[in-house]
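Letters A, B, C, D and E mark the chains in the order given here, with residues in each chain numbered from 1 onward.
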Amino acid sequence: MENLVYIALFAPLVSSLFAALFAQKPKIQLVGIVTSILIGISLLASVTLLLDIHESGKAVSVTLMDWIQAGDMDIKFGFTVDQVTAVMMSVVTLVSTVVHVYSNYYMESDKSFNRFFSYLSAFVFSMMVLVMSDNFLGLFIGWEGVGVCSWLLIGFWYERKDETRDVNPSISPSWAANEAFIMNRIADLGMLVGIFMIYWNLGTVKYSEVFAHLDQLSHGMLVGIGIALFIGAMGKSAQFPLHTWLADAMEGPTPVSALIHAATMVTAGVYLVIRANPLYSQIPEVGYFIAVVGTFVAIFAASMALVNRDLKRVIAYSTLSQLGYMFAAAGLGAYWVALFHLAAHAFFKALLFIGAGNVMHAMHDELDMFKMGGLKKQMGWTFFYMGLASLALSGIYPLAGFFSKDTILEVAFNEHTYGIWFTLWLTAGLTAFYSFRQVFLVFFGDERYHEIGAHPHEAKAYALWAMAPLAILAVIFGFYKEDFVEFVTKLLPAYEMSEHTHHMVWILTLVTTAIALTGIIVAFIKYSKGLKRDLNFEQNNKLYKLLYNQYYIPVLYEKAFAKPYKELSDIAWQEIDMQVVDATVDGIAKAVETTGDVSRRAQNGNLSTYLKWMAAGLIFVTLITVISVVIK
Amino acid sequence: MSNILSVLIFFPLIAGVFGFFVNKNSIRVYGIVVAAAEFLLSLWLWMSFDTTDAGMQFVEKISLIPEFGISYYLGVDGISLFIVILSTLMTLLGIVALSIKEDLKNMIITLLFLEVAMIGVFVSLDVILFYIFWEFSLVPMLYIIGAWGGPKKLYAAIKFFIYTFAGSLVMLVGILYLAYIYHATTGVWSFSLTDWYGLLLPTDVQTILFWAFFLGFAIKVPMFPFHTWLPYAHGQAPTVGSVILAAVLLKMGSYGFVRFSLPLFPDASVAFILPIAILAIIMIIYTAMVAYAQKDMKQVIAYSSISHMGVIILGTFAMNVEGISGSIFQMLSHGIVSGALFMLVGVIYDRRHTKLMSEFGGLAKVMPTYATIFVVMTMASVGLPLTIGFIGEYLSLAGFFKVSPIMTILAGTSIIVGAVYMLSVVKKSFFGPLANPENEKLKDLDSKELWALVPLVAIVIWLGVYPKPVLEPIDNSTKALVQLMHKKAQTDKAKKIILVSKDAKEAK
Amino acid sequence: METVAFYLFSILITGLFLVTAFSRNILYAMSALAAGMVLISGLFFIMGADFLGAVQLVVYSGAVMALYAFGMMFFDATRDVKEKNSPAGIVFLLSGISAVILVAIFAAPKIGENIKALVTGTKGADNPHVIGEVLFTKYLVPFEVAAVMLLVAMIAGIVLASKKMDESLSEIYIDADPETVAKEEQK
Amino acid sequence: MTIGLTHYLVLSAILFAVGLAGVLRRKNLLMLFFATEIMLNAANIAFAAISTHIGDLSGQMFALFIIAIAASEVAVGLGLLILIYKKYGTLDLDNLSIMKG
Amino acid sequence: MAPINFDLSSLNLVTMSPMLVTLVGALVILCIDLIKPNLDKTLYVTLAMLTLFIAIGANLSLSTNQRGLFDTILIDGVSLLGQLLILAGSMLFIPLALTKRKFHDFSYPEFFSLFLFMVFGFQFMAASDNLILIFVGLETGSLALYTLIAMHNTRLAHEAAIKYFTMGAMAAGFFAMGAAAIYAVTGSVEIFSIAAVMQERQNEIGMLIPVIGGALFMIVAIGFKVSLIPFHMWTPDTYEGASAPMAGYMSIVPKVAMMVVAIRLFGVYMELDIKVVKMAIIVLAVVTTTAANMMALVQEDVKRMLAYSSISHAGFVMVAIALDTTKGYSSIFLYYGLFLFTNLGAFAMLWISRHKYNIHHDRFHHPYSKFAGMIKIAPIPAVIMAVFMLSLAGVPPFSLFWGKMYVLSAIVDSGHYTVAIIMALNSAIAVYYYLKLIVYMFLKSPADNQGKVVYANRAFSLELVIGIAAFVTITSVFYINPLMSFITDLVGASGY
């Protein structure tokens, strides 16, 4: 068993190092193949572990070696594969495998093909460390590791130059990469603080020991730890107000978006909350706060997706919105529900992104949906996949999204948090609308792509085949809900609906489905026949502009943080460091020298002056004695 | 070989003198061979070092001036061992990477003399001996900056010299006062540190002495607001000068805090945690901002050094094993990482004769290996886990969290602001289009540079993943140190804050 | 009698020395100095320090003044000297304060009453015989050293005033261009 | 009113001040040397008076040696003056100010 | 007239033997010149060396704490140390006469004779506690010294001699008046009996005022000789005008002699704990060190800079007098012992580069720019000069560091922390101007026509002296202990 753990963990690392060997060489197809196979091996190992744990019900723990030992701190590289981990591992490796295979197609003409695979596999490794670690600091390794890989991958096309926000809202890949990294770092500080609190209060950072001794801590301390860890989660999962990086992260190659910014990395925050469920279940008020934040992000992000024209950004906002759902569930104590939605979302959202990748290829990297349309003809399969994924996203029976999202709404209802329920319900409608707005704009209507001279074509067969597993899972995953619940609740607290909710389930489901359908229908009416732009509306409607400009938050951040920081830095350097601190030092030196220069004037070469000074010296010495007598 | 420390000190000295007789054309090889031999000797020191022993090892004591209690007293423990190795390593790599053509012979001989002073500082257990090496280290550095530096080299060199000299003179007065107290208490003169450790000082005396020593160390570290010599020194120094300055010389200050201030004045150290932590936090945040404002790549690294040293100081004043071990480890890590970064800046400076980031952009395309190593070092610098940079920073901050959570959070912003300026360097220099036509023909790293940099990359990752061989001896000695401090502490506050680790408590 | 003599002498000495210090004419100044010296020897006689008075008369008023007179002739300084004297204020201030300090030192303890012979020194201040005895016992060494000092002064005077000093071996001032100088140096 | 020691000492102080004033004021070196003689003579008076007063010979001896010293100084001083007179043709000390600063 | 009888052995003539040796040496040189003129100066140099050598021998053979010649001569540890330093400094100086080029002063046989007379005078200053003998000795030495300076026979040397002489004459007046004031209340001119009287009557205010006033006048006279500010004004000019070795010599030997006098005289005050005098000395010393350092900063000529630097060193050492501890007094001798070699070495380096033409500057012979890029032209001299500079700056492990450390330690031991810190920080100012020379030598490019200029006056004896000085400066750590215990024993034995 332990070997499987190591295989699952290190196969991606080997894969990454292998690819790194050729990082500076021109494309070698073998690299793509080998890495895909190695990730596939990791997938096999993960699934085997999953099944094994399913059978045995026992977690597998291994300790690789010592890491940090200082004072009373003893941190080892330890890995535990339990139910939650196994699910996460399987999801991660599955999506990773698909994305690796797909990337062979997507990146086929990129000159940094090998480098890309190196980064991508490194990401998988980091993600595996993140989910498999048995302690908070190990999690933090993965946490930062995925951050770096994300930075590398967002900035993959580093050579592109900076644009203004009007031309490219993300400015440039390298800019977006830095933004992502720094925003994550802000949150990581919170996480680090949480870890410090845990260490100094419990003397360990190992999950099992920490959770076993939580009762030793005061409530206030628990709240503190809970909030600190959640701040960490907010960064990685791009929750408000640290959300802006996610949309900008779409500058990375599309497979990256599929893997990192949809299926895996961004869900790390949710994973953390789920993992720390013994903690959060003791502090429901923090949980409620998390739920509220999640709910807010859900509708907030969905609203931005309504009007955006950028194919990938829409999906990014949708991801954000779905992450909100997950947090809502986790916050309300329904950890398995959150995990279930996490997995389901990973499948259909990755599918959606990969589909978007196909479209981009066809459109020569054009992302503006207003310049597409009618692609259904040329790209039947892609249309099929994306449509399927959109349906899943909208929560239409019998697709995976239906089960997961519906359960979240039920939980919200069950907790009597009707506000949350209502908001999420409304968001479901919005979700359906923007998903299908996208589908219709891209695949239906008039063929606007001629204007940009694109010659759309379907993706290669193996790429399409690679998408199949995701599509299949997006369809069938929902039916495994019962098994899933049974499996994970061995570890996570079982969440039981109250009697009342049980009675209401049917009504709730109907209501939810209804609003989803409404969304789809509205989208159909508005966009299936082609694009009719109301320029006046686009230019003058305040709400439209607000949404289109992402509530002006990026601009606000630019103005409120980035620019002042830059200016303050300049002041710190030019005004304070140079003019005050250094000038003081130089001033002292200067003063000494000036004093010397002045006093040498007494030495004017004239003997008479010298004699006078000597006589004055007598008086000076007398004065000193007199003064010292007087003072005494 | 029980006198290995003497060998370590005198081998480069003699080799440096012999260097005068080596032909100019062969001096480079000579330098590399000598530095490599010295490095191997230091590795041998490590190999024969008993990692379980927390006390001083390889002790040598020869009375020099018995009249005044001054002796030639050497010893090494876990705290100093690795800084010694760092010194020899950085000297070796510095010589390997030397790109200077002019007066190469003088440079290599100077470096060897500098090595003597550096090792001497870290293995001296006699305070006067320590002071001698401490002061003497300024001279070769002055020459290195002044002779091979940039346009403002003289200003920079003299500023460096006088500033640090002034600080250490106040420290000298402190040393003499402490010796006087020792004499007054015991009736004999002694300058051995181990003797002084046994001295219980009244708190008001501790306070005076603490600040006297503080000034010497703080200028060397350099702590805000005594830091302004550093940007000049780095900005003007040749690559090898910056490398050694950042990697080793700055560590003298922080080493001094650990070796002197903490065990000699535990109560005063505890009493002044607050002001020093405030200074450290200012160092961290403020200098990070200043670094962000820089236009010169080397200046960024220079200011980043100050920022990182802030974390080290904070860890030192955490008064618990975690923090102090962390800060010592961070000294090593900063030594390696900033040394490597300075070398990297030197690489591009050799090619383009400018360090202004506005001249660059898109370098990753023409110099991929260079960019890769730079990014690795950047990541180590910003404290990415599994690189060497994380462990020290984490432990230092974790240690200080026990003292003050709020201040630790403020100090913890170093991981954010650090990322801001480092990533902006990477972005400005390596990313974006290759706008400047002068950059199009740049050559990637040559073998000489690779030989210098690859070992550092290896160390960065090795110690990031498996720090135990280094951290364990450090930790052992730190435990002993903290225990000593706890034993010596007189005020209740100090007793409370100085935190002896559990296993040390049990052992007692 | 003593009182009258003292005041007379004091006033005269002070006046003469003031002339020495402030006269524009060297001759006057020197004459006043010589006269003052003579009068001081008079004071010594009043005090009963006869030997000292005699020495003062011989050495000072005789030898020293003769030397000065000789020097004066050499310098051809019989005419009025034009001096750009320093501002009198500072001079008077400094010397005035010095005088005050001295007076304070000497007058403060009412020395007249306080000073006693505390040490059994050599008695007989008025006896040249005793002085001779003391000079060749107790002060033998200073006396010999003083002899050496006078020898030194003699040699110094000879050396400094000799013709050999007219041309310097230590320094050659030339305004030639640096290259010639460098060549010169290289020889 | 008898003339006590104090009278002599005050006279000595005054003469010292006169000599000092001369030293400080004079620019002609020869006349400046005159003034230094006044200062030494002032000391002589003090020594002689004290010596007489306490009946101790050391004071007189001191005065004696001061006279000897004064004589030697004159010799050396005149030698120097001759030297510079030959070089500069004047004894004004204002001319002797090449070295300064 | 009754004959005066005394036992010759009671005179204890041996106490005078070192002085007699120098006196004889001086007279022999004088006589040789009279008998056979135009002998080569090497003869006189060697004769002078031999004389000094024998004098040192005579000195070392003396046992401490004896008086001789009617108690006028006092041989105690301090006087032995003082004489040793005077003789050693003189021995180091004399070989510097043998230069490659011919200079005016050394061409006189009288020079060497006068030189030995001067040493003779200074020896008496160190070996007596009789104010009369001190005064006579002082004047003997000083008058000879003025002459020696003038004999260099340059414009500047004449000016230097005149300035030194005139101020010296005034200082002599102050010395006399100070002695008179002290004599007035104590009735003695011998320091040991002065001390006894003061001890007896120390509570009488009428006693204290003249005693303190006398001390003030003495401070002026002593301050003039050891060049404390503001009595220092002659120092830079005289050093600049005198020949380089003479300047180096002046920065040590006369000062040592005067320091011994100061120790004897002010030691009485310190012993009785008269705080005002202590205060006056400390303030003067601090002012001296600080102001001299600041003025040295702005000099353009190395010799002048070294002049100011020796003023500041004198101030630094002067503090030790006010401490009244054995360690303090010992550290004075240690400091001057080390300073002797380093500073004379530095001046000798200037001497080696002295040439007769005013090619660098119409006034300065040793402007900084002359040494630019010296490391390229003459690496070993440059390194040696740098060693001297670093030693003067107090950078370990060179010799003066130990001196500085001992003085500072003595200051700290007696509780004057502020003074210690001011003095320590002063070293930081001082290091700037020493570094300036190093910067010129090592970090600047040589001027075009530099050529062999830095070697202009090179000769074996000069190299030997510099070699010895450099050796002593560098290897200090090995002999500090015996030296220090030697000094401490002697000083302690003298009751200080």
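Methods note: contacts are C-beta pairs under 8 Å (C-beta built on N, C-alpha and C of every residue); 3 or more make two chains touch, one makes a residue touch a chain.
Here the structure is a predicted model, which means the values were calculated and not measured.
S.K.: So which chains are sitting against chain A and chain C at once?
M.R.: Looking at chain C and chain A together, the chains touching each of them are D, E.
S.K.: Report which of C-D and D-E is connected by more C-beta pairs in contact.
M.R.: Top pair by contacting C-beta pairs is C-D.
S.K.: From chain E, which chain is the farthest off, judged by mean CA positions?
M.R.: Most distant chain from chain E: A.
S.K.: Per-chain Cα mean versus the mean over all protein Cα atoms: which chain has them closest together?
M.R.: Looking at where each chain's C-alpha mean falls, the closest to the middle is B.
S.K.: Just the number, please: Cα centre separation of chain A and chain D in whole Å.
M.R.: A distance of 95 Å separates the two centres.
S.K.: Report, in whole Å, the distance between the mean C-alpha point of chain A and the mean C-alpha point of chain B.
M.R.: 36
S.K.: Based only on mean CA positions, could you tell me how far chain B sits from chain C in angstrom?
M.R.: 67
S.K.: Could you work out how far the Cα centre of chain A sits from that of chain E, in whole Å?
M.R.: That gives a centre separation of 78 Å.
S.K.: Which residues of chain D are in contact with two or more other chains?
M.R.: As it turns out, chain D has residues touching two or more other chains at 9, 12, 16, 19-20, 23-24, 26-27, 33, 44, 46, 50, 54, 56, 58-59, 61, 65, 68-69, 72-73, 76, 79-81, 83, 93-94, 96-101.
S.K.: I need the residues of chain B touching at least two other chains; which ones are they?
M.R.: In chain B, the residues touching two or more other chains are 162.
S.K.: Hunt down the residues of chain C that sit against at least two other chains at once, touch-wise.
M.R.: 86, 90-91, 94-95, 98, 101-102, 106, 110-111, 115-117, 119, 121, 138-139, 142, 146, 149, 152-153, 156, 158-160, 165
S.K.: Using the contact rule from the top, write out all pairs of chains that touch.
M.R.: According to the stated criterion, the contacting chain pairs are A-B, A-C, A-D, A-E, B-E, C-D, C-E, D-E.
S.K.: Chain D touches which residues of chain C in the complex?
M.R.: Those residues of chain C that touch chain D are 2-3, 6, 10, 13-14, 17-18, 20-22, 26, 29-30, 33, 36-37, 40, 43-44, 47-49, 51-52, 55-56, 59-60, 63-64, 67-68, 70-72, 74-75, 77, 81, 83-86, 88, 90-92, 94-96, 98-99, 102-103, 106-107, 110-112, 115-117, 119, 121-126, 130-131, 134-135, 138-139, 142, 146, 149-150, 152-154, 156-161, 165-166.
S.K.: Given the complex with chain E, which residues does chain C contribute to the contact?
M.R.: Its residues touching chain E are 101-102, 104-106, 108-111, 114-119, 121, 129, 133, 136-142, 145-146, 148-149, 151-153, 155-156, 158-160, 164-165, 168-174, 178-179, 181-182, 184-186.
S.K.: Which part of chain B faces chain A closely enough to touch in the complex?
M.R.: Residues 159, 162-163, 224-225, 227-229, 286, 289-290, 292-294, 320-322, 325-326, 329, 362, 364-365, 368-369, 372, 379, 382, 384-386, 390-391, 394-395, 397-399, 401-402, 405, 408-409, 412-413, 415-416, 419-420, 423-424, 427, 430-435, 465-468, 471-472, 474-475, 478-479, 499, 501-503 of chain B touch chain A in their complex.
S.K.: If we count contacts the way the header does, which residues on chain E are in touch with chain B in the complex?
M.R.: 390, 395-397, 401, 405-406, 408-409, 412-413, 417, 420-421, 424-425, 427-428, 431-432, 435-436, 438-439, 442-443, 477-478, 480-481, 484-485, 488
S.K.: In the complex, go through chain E and note every residue touching chain A.
M.R.: So the residues of chain E in touch with chain A come to 162-163, 166-167, 170-171, 174, 212, 216-217, 219-220, 223-224, 229-231, 233-234, 236-237, 275-277, 279-280, 283-284, 291, 293-298, 429, 432.
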